[in-house]
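For clarity, chains are labelled A, B, C and D in written order, and residue numbers in each chain start from 1.
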């Protein structure tokens, strides 16, 4: 059963102006408990502590991804013989909309701390006993499985996977535009209309007409700039490190049978690593922040200090380390220990390229991460073969080591640190 | 002690591009616990349930108000003999920045439910035992009192009060621009640069050069549109009504000595109406939302239903009532009672002009709410004497009654309602 | 023969992003000599002398009007049973595109000076021996007549006329947005997407869904502001007055059999009032400006001075006249004559509402100038019955008298003017 | 004599919002005949034939360059000990404003055809018997010489030259932003505010604080994209080629003592290469276009055809030539001759990088073309040493050969061309 709404509904959106909903099922999915929960999870985690405008939610972004996908499909449908399989429209729209359904609060840090993957949770929610599952099942009995297959990249029509997840997909286009709009960092502005106009289904995947090459170059450069200006900003990293340390401390305290004054479900399950879908869906930023606020009063001073730091934005300072060597880090740890600092909580090394770094890099072995250009003779070539710009930047491997530390604590003991250690903090 | 930073600091802002901080004290105020708390309170309360982009915080807005004030003063300082008292710069900047410090979570609803006023809390925080107070006291021992006096409009230099609070102040200019940017509703775009260029200190207040009249007309129209498009949007009103009902139910339950499964400080104090400054500062949206999430499991079904509705955005529906009469409302209440609905929770009448409606209206008795134009002969006239547009719109008194109700519950008993009541819900 | 292009063509446009051409005939019309000539005629005449960005041509605007019309029709076509007569698509698109084809250079001034009407010329060009005519005739033998009938409002399907020419038509929407973009005056920004979404064919005309009322209010206010900020700006009026005087002088000189050193076809025909279509099409701004440049060297000093003033932007100054009376003007004229000034060239009275003032005014007798709202019961009401704002502003009748004069000349003789005349110029 | 205006004057600008004039001399320079002439010369020459929005004049751009320079200086003046020589303010502002004063109509083509340089004409106008010269001389007797020296890069304070002309100067920043705004191609949007904030006078030149590196990378990428998307667009090149051919034909006809039906001063001087300053200032686009319009009727069909093509936008088509060899071009020429085409007018090879290509390239021998970064230890490094992006793209040497030809003429004889030539045109 795939029904149209009697009258199209719209959401006013600051990025796409209007988001158009034409299908009963999409409207119902948006109104499920699980999708509404995304309103309580910020798109950019702790980035609002660096760029105060970045307070937008995954709810907004998910609507945006849906809308871009809708526009692409509607364009494919308008041109005859485009090669787009029309019967896949609804599965693609649902997958686009639900793509990020499994994100938890501050998910980068939580996923890292608890070895979870939001894609997996997305599929568990879609396939579990949820309102989303019920809506999908009304479309077709095996529709939840289909949507999950697209998201997990096992669906048997690669073009649908490609539409929802590729180096030039609706997800990436929306977040670049949206994060630029909300942070105010204008490097993210891309000519989306032009890119959309240039997309073509071809041989079971989405390619770009060669005349759209410059728009793609510009998109890749925007992405590069947004990564280094916004996503990997050292102040944001500093707040992520605080989160990481809070979760690390919680796990330690649990191991030590520490008695928490305050502990709310489903956090024990999170710490134990055995959350059910139902419990997982109880997690949101409000619960995390409220717990932090309560833990300010815990007698464990490591935890209470970290929580206060996070809420009051007393972030760790950082210095860049030009020549990284592990020996030196050990020396710092020892020196810290000698003067009464905590070697695991009062110092942290960070190297952002450890994160999934998805600035586009052509990759000989898989076409999944490639952007393909279609020339006027219908030949397909990987973009870095054609674009000087993309070839130039695709080899760039970048990243800097930063050492993070609580400035007030280090300052207090600085005179007692060995000179060669002290000078590291002297910038 | 009024110190400059050795190097200006900036915040990237999507509305003003950069927010410039030049003074040590401003920098320190921003970093206080009390000011950082504003990050956890949305500027537009529940509006994000209508316009999903409206997720920006009072923190962003407060920085914006500060920045506009800084620009106005800096312009006054550049022109000789402008009549602006230069020694008032810092008190004006601090008052602009801290203006909204006393806002709580969802403050329209909470203030209404508990008879509180955020201005009062702002002054209590500034004058109390807080970090903000300590930073201000470092400037001058009586600086907190001065800043509070500006905010409470008792300061002895009316021009400073006028700068921070008037029908054309930095507060209103920032929120129009910011709310427009985040909701995507472009009616809020005003030519702020032109308005700022046209402001002049004159005879102890801020007036507008006559050549800026059209920019002011446009600003007033933008304000009018934003009120009716955004601030009084019936869907937003519907979510405020849910909040109002939740707080009403909580108070009832407290009176009945109901035993809550979950109750976190300082909510009992809030319900009892005896919060200290310290407790008040513990209130944020995270705490409210987390409480609502927990109360989903309370055995009181009125409370648990209302909390679920709020979190899952199962808002009340509404119908417009063209000819309002109180007798009819009583009839509805009785009919509801007769079919088992709750006359206080399952129906609510709303008339938005009950809210402070601050679309500009000239008022013969006070100049505080007037916008004055300065002509080339240095004569001052109230704008509606000069502007046809302002005169035309200033008489408009507008507002519509809406009746809100839980659609599913009313639907279930509709056939048992008297026909003349039933038809009210038949649109 | 109505053919589609094998591949859609686009024009990059700063206002609508892309202008989409899908039909062979539209593509050919754009490439005709007559349409390309619109590149040499500025949209806003002499406004660039006030707002330097206003250098955009009627070519750009015509493409914009076409594009908006295309979007409206395509939306009508997407909804079933919309009541839009699908077979009228091409005639509507052609009329939208060619609507301004008959504009000449600086057409306000030239039309006034020579009693011409651009609509009439548009129809003469469409029906004459032109490339445009040939392209239209290829569609259908009587297509030129149909398109001309739409433009001249005699077409037998009122809905098509209504689409192309009404108080809320594609013409007005494009010029507000475009003139705002190019001048930089942001009052012109309207929410076009929302207005388009709200348009409905209904009973043989285009109406607006009631929920679009606020967007229409905003549009009418934008129009009002653009009129007074841009279109009637006194500096622009001053440059129009120079043009008017140049043309007046030319006609006088022709009457006096003055021998011009320089005179280029088709200007003699223009002055004589007997231009053929072919000659009319030779008129463009380049020809007018080049003639002015040459006439700088004419021995008639009135003409040469006026031409230099125009090219070098030595505009007349102006004073506002608060209480206009004709007697006073006569006195000024006499006083000017007495001190050797030219009473017809050195003074000019202007009252902008003499111009066609198309800010919307409801008019009981004709529905052509009305904006109609469609409520949810399918009832139609004129907007000022429903909107407080529109009702308030629709009664405003505004306009100020200005006296324009060459500042240097008046200054030179000022001491010899009678005191009561002199003080008029003393501001 | 350097006087301030009693009240600042502003120009409304779509790019910088307002352009602020504070000095009497700047105001007078803008009002000179020579500066007003820039209104009649488009900033981007024939680009409006490709991007119809590109109708903005050099007048607008010159005001923009002045405004950016004013902002930079005003920022330097605000910070103490900035190292900026305050007494150079006026000379820098005048040089910025007058920088492009010597541009003629369609100057790329005219300069190429007649071996002229606009910088030289700028200096001749500034030093000649002109209104500009008179205004400058009022400031100081040798002020014209100083301003000319800055523009010709012989001034003895390199920092002033550097401000007005460098890889990161006000000229380039304005044209990127302005050309982006008017064409609608958004690749040109740069974060100018951030770049301005990062500029520092240092050791007699302007450098960029290291923390502005990403903004500079983005600026260089924008420049690169604008070059290839807009400035070197093959359709624009095609219209430049028409101009080139028209001027070439005119010179040939003069050599042959051809008798023109129409010839207006100062074109004979232009063709003879002996224009005076006074004559040069008579050149504008109106005069060129009017001449073209008249030459449509010349009996020389080469000239009349080229002029019609230009005015009616019947541009030459083009094909890309992948492997360029000169032998092939000779063969095409011969084949054209054999079938009656004109080998010099009916075919033209173009290679855009032959044009001054000012995408930034570091150059070991001169620091003039370098962008220098200033790190926190006050060390200066050339940007490509620090930025991976700049290093990557600075080696790109790009450019493609295109062959241009009149499609209709070649089509007519195509069957008679040798097969290997014919296939060149078969794409």
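In this section, contacts are C-beta pairs under 8 Å (C-beta built on N, C-alpha and C of every residue); 3 or more make two chains touch, one makes a residue touch a chain.
The model shown is predicted, which means the values in this text are computed figures rather than measured ones.
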Counting C-beta pairs in contact, which chain pair has more, A-C or A-D?
A-D
Among the chains here, which has the CA centroid at the largest distance from chain B's centroid?
D
Roughly how far is chain C from chain D, centre to centre by C-alpha average, rounded to an integer in Å?
32
If you average the Cα atoms of chain A and of chain D to get two centres, how far apart are those centres in Å?
43
So the centre of each chain is just the mean of its C-alpha atoms; given that, what is the distance between chain A and chain C in Å?
51
Residues of chain D that contact two or more other chains, please.
17, 185
Which residues of chain A touch chain D in the complex?
185-187, 189, 191, 214, 217-218, 221, 224-225, 228-229, 376, 388-389, 392-393, 395-396, 398, 427
Residue numbers of chain B touching chain D in their complex, please.
10, 17-18, 193-194, 197
Going by the contact rule set out above, which residues of chain A touch chain B in the complex?
11-15, 17, 31, 33, 36, 39-40, 48-49, 51-53, 55-57, 59-60, 63, 181-185, 264, 282, 284-290, 293-294, 311-313
